Every structure is written in C-alpha cells, then in structure tokens.
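Each of the two complexes below includes chain A, the first together with chain B, the second together with chain C.
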Partner chain A sequence: MEQALHYLNVGTAMFLLVGMALLLGRLLSGPTLYDRILAVNSFGTKTVLFLCVFSLIIGRQDGVDIGILYALMNFIATIAVLKFFRYSALDVSMNYKRGNRGGRDRS
Partner chain B sequence: MNGDLLHILQFVISAVLMAGGIFFVIAGAVGVLRLPDFYTRMHAAGMTDTLGAEMILLGLIVQAGLSQTSLKLALIAFLLFLTSPTATHAVIGAAHHAGLKPKLGKYRALAPGEEPLAKSKAKAQAKSKVKSARKSRAKKRVK
Partner chain C sequence: MGGITPTLFLDMGLLAMLVVVAMAVVRLRSLFAIVMLQGVYSLLSAAWFVSLDAVDVAFTEAAVGAGISTVLMLGAMLLTEREAKPVPLQKQLGPLFVVCIVGLAMFYAVGDMPAFGDALSPANSYVGADYIAATKNEIILPNVVTAVLASYRSFDTFGEVVVVYMAGLGILLLLGLNGNAGKWRAKPNGQNVGDKKGEQS
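Entry: the complex of A and B
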C-alpha cells in the first residue's frame, strides 16, 4: 500500500509539472502585463502544491514548511507587483483617494 | 484485516481527491493558455486554481494521517483558500483600473433558434460587426 501511495504521489507531481509547463507558455507569450502576472501567480500556487507532494515523496517533511513560506510570499509578491505597476512606486499609502489616477496629489 | 481495509480506504479517498485536483489544475492551465482574452483567462485560472489546490492538499492530508505534517498541510490549504481568490480579484481590479478592455463583438451566444454559421462566414460577419461598432463609437465621439 505504501508503494501505491508513492506511485500516486509521483503521478500527481508529474501532472503538476505538465500544468506548470503550460502556464510557462502563457508567461512567455502573454500579450499584456496582467497575463504575465496571472501566469506567475498561478505558477506559484502550483509550485506550493509541487513542494508539498515532493516532500511526501522523498519522505522529508521540511518541504511543507517551505511550502507555507512560498504560499505567503507568492501572494505578497503579486500584490506588490500590482501596486508597483499601478502607482509606479511602492511607498503609496493605502488611503488614497478613489479616482485619483496614478496616486499622486492633484493640488 | 481491519487495518488493511483502512489503508485501502485511505488510498482510494486520496487517489480520488488528487485525481480531481489534477483535473482542475490541468483544465485551468489549458484554459489560461488557450482562451482568447485576459478576462476569460482569469476566469479559467481563478476558480480552478483554488479548487484544484484544495483537493490536492486534502488528498495529501488524508495520506499524512493525524500528524504534524497534516496540520501544516491544512495551514497551507487555509492560506491558499484566503489568498488565491484575493490575488485573482486584485489582478482583475488592477487590469480594469488600467483600462484593459475585454474582447467584445467577436464572440457571442447564439440567439434562440439560430443556426451556427460556417467558420469563414462567421468570421466575416464578426469583422463587419466590429467595424460598424467602431464607426458608431467614432460618431459618438465627434458629437
């Protein structure tokens, strides 16, 4: 039964790699910036899954900790990149006025 | 004997969950690769990402049993459940704010009783439709 679970995990990891390769295609050929961000975000989620499956395959549980870290960093990186491309800066406070494009003061 | 049955049950539940998760993951990836414009791609990626990740992680939890590892896996599942839809929402919001337009006019649902056109004919029709839409928009701007 251990062997069967092992094969199940290996198959899952391979299919996850296939999905990641497909997303890599969109990342390289995305016509807009947002397509690329979407592909990177999705790729990160699949990386977390792959880390979890892989750490169970090799029988070491350290990979799951790295997976937690990667899940958090992936989210924060996505938000940071989006904020950077929206305001062209990262030090904009979150209580900006709505409809103030570019986030700069109009006065 | 009883232990054997439990192991088989564990394997079956885990296999079903992980197969479902893989289905959603691959479907999302194919959708992201093949759909025509950004918003439809986001639609494919956002939901399948969340559900596929949850199902694969649940399958791993069933495998790991009652242990520290399964607690950590549950924590990852919880974090992904919160952050994945939020990131999707943020990306769409940013694209909308930046003025990215969805692709309209080329694809539409069939009216009730309408036959689907041949491919070349449908293409020509869509082109003329887009052109006329552009013209009317230009007219409005002039006014």
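Entry: the complex of A and C
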C-alpha cells in the first residue's frame, strides 16, 4: 500500500512535469501577450502542485511551505504584470479609472 | 546513493526545462516574454533546489526570483522599448569565444568537485562537522543551515538584510516606481528643471 502510494505520487509528479512542458511550449510560442500571462500563471500553479507532490515523495513537509509562498508570489507577479499592461505603471490603485480606455471599468 | 531513482527522472525533467527556458531567454526578442520566462526560470530552479534538499535556498529563490525581480524587471521595462534590437553576427563572436573558454574551464573544474552528499568533502569535514555536532545541543533547530544563518551568524545576516534593503530601496527610487519614471521635476529658484517634455510651468 505504502509502495503503491509512492508510485502514485511519482506518477503524478511525472504528469505534472509533462503539463509544465506543454505550458512552456505555449509560453514560448504564444501569439498574444495574454496567452503568455495565462501560461505563466498556470505554470506557477503547476509548480506549487509539483512542490507539494515532491515533498510527499521525499517525505519532507517543507515543500508545502514553499508551495504556499509560491502561490502568494505568483499572485503578486500576475497582478503586477496585468497592471503594467493596463496602465503602463505599477503604482496605480486598483479602482483607478482612465477615461475611455477599455471602457469596462467605467461604472 | 547512486542508482536510478524516480527523483532522478524528475530532476532531469526540471533541468531540461531549465535549459529550454534559458535558450528561449537568449533567443527571444520580446522583452516582456523574457521577463515572464525569467519568472518561470526561477520557479523551475526553486523546484530543483527543493529536490536537492536545499529548502531555504529555494525559499529565497521563490521570494526574490519569482516575486521581486519580476516586478523590478517590469519597472525597468517601463523605461525602455518593448523589443530588443537584434545584435549583428560579428559582435556575437567575441562573447561566444569568452563563453566557450569559461565553459571549458568549468568542465575542467567539475572533475575536482566532491560527489553530491559526500561526507568527506571539504565543506562537510572541518568546521561543518563541528556545526553539525553542536547545533543539536546549542540551538534547538532541526536545520543546520538555518541555525548557522539565523543564530551563529545572526549579526552578519542582519547586516546583509540591511544592505539588501538599502539596495532595493535605491533601485526603487532610481526606477521611479512611484510613477515619476522619465519625468522627474525640480524647482530650484522657482524654475522648472528636468522636465523631459520641456513643458514650462
């Protein structure tokens, strides 16, 4: 049973790696910027999952801590990138309205 | 040690992706994609550090590489173009020569490196053995590296933290992440100085 669980974890990690490779392909070839942003975001999620599974494989709990830190960092980086493309600046507050551009955030 | 374990395959997969990302960073022209790829590079290398049991290094890599440096690179991109200009081939030959020499020197040095986890390697033999022996009694922390960094050399670490903080603050001020990028102004004697567009008043 223990052995079977171990192999299950290893298999999961392998498949996560395959998923990461596929996302890498999308990241490299992505026609638009939003493909790339989406690819990076899901790549971060895959890394978090990989770290959790890997900490199960090697029997240490530290990987889960790093996974949590990664989830937070990934969120911050995505917000920064999206703000950069919306406003070309990083210091704009989230409810900033800029004239007609985009139009969707005019309430 | 040795033998083919499942983690070896996982390590190989991670390292292969690291190589692919590094090549793409060199080849791509879109600076934005390069910034994204650098974030991915740091994610991958931190996962690899975890698999090498260097958990605290992975922690630092996660915080600095994936978080801060992506934001810093984006702030730097605000000041430049979105695309890198291609470098002519003649200008690439000199750097290629230097890289080849350094790479050969590194391959030459690999033979002298101790095996991974070697108990008789210099890093594990002299002071390292004392730390490993004494940490368990003197400092109640399971991780020897954490004990060395945060307790034995805590003043050193504190100094490093201060230096890194100052450096980050300086970079933030230089890049103008407060929204003043490229349009700083000053008013000595009531005159506008340094306005990029030359607007008066």
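To be clear about the criterion, the second predicted complex is superposed on the first by the 98 of 107 C-alpha atoms of A that agree within 3 Å, B and C clash if a C-alpha of one lies under 4 Å from a C-alpha of the other, contacts with A are read in each partner's own complex, and residues count from 1 in each chain.
Methods note: a contact is a pair of C-beta atoms (placed from the backbone, for glycine too) under 8 Å apart; a residue touches a chain by one contact, two chains touch by 3 or more.
Predicted model, so just to flag it, every value in this text is computed and none were measured.
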{"item": "Fit or clash - chain C, chain B, common chain A", "value": "fit"}
{"item": "Partner chain in contact with A:Ile37 - chain B first, chain C second, else both or neither", "value": "both"}
{"item": "Partner chain in contact with A:Arg26 - chain B first, chain C second, else both or neither", "value": "first"}
{"item": "Minimum C-alpha spacing, chains overlaid - chain B and chain C, in Å", "value": "14"}
{"item": "Chain B/chain C common contact set on chain A", "value": "20, 37, 39, 65, 74"}
{"item": "Chain A residues within the chain B interface of the complex", "value": "1, 4-5, 8-9, 12, 15-16, 18-20, 22-23, 25-26, 32, 34-35, 37-39, 41-42, 45-46, 48-49, 52-53, 56, 61, 64-65, 67-68, 71-72, 74-75, 78-79, 82, 85-86"}
{"item": "List of chain B residues in touch with chain A within their complex", "value": "4, 7-8, 10-11, 14-15, 18, 21-22, 25-26, 28-30, 32-33, 38, 41-42, 45, 49, 52-53, 56-57, 59-60, 63-64, 68-69, 72-73, 75-76, 79-80, 83-84, 86-88, 90-91, 94-95, 97-98, 100"}
{"item": "Chain A residues touching chain C - in the complex, by the definition given at the top", "value": "10, 13-14, 17, 20-21, 24, 27-28, 30, 33, 36-37, 39-40, 43-44, 47, 50-51, 54-55, 57-58, 60, 62-63, 65-66, 69-70, 73-74, 76-77, 80-81, 84, 88-92"}
{"item": "Residues of chain C that touch chain A when the two form their complex", "value": "6-7, 9-10, 13-14, 17, 20-21, 24, 28, 32-33, 36-37, 39-40, 43-44, 46-47, 50-51, 53, 55, 58-59, 62-63, 66-67, 70-71, 74-75, 77-78, 177-179, 181"}
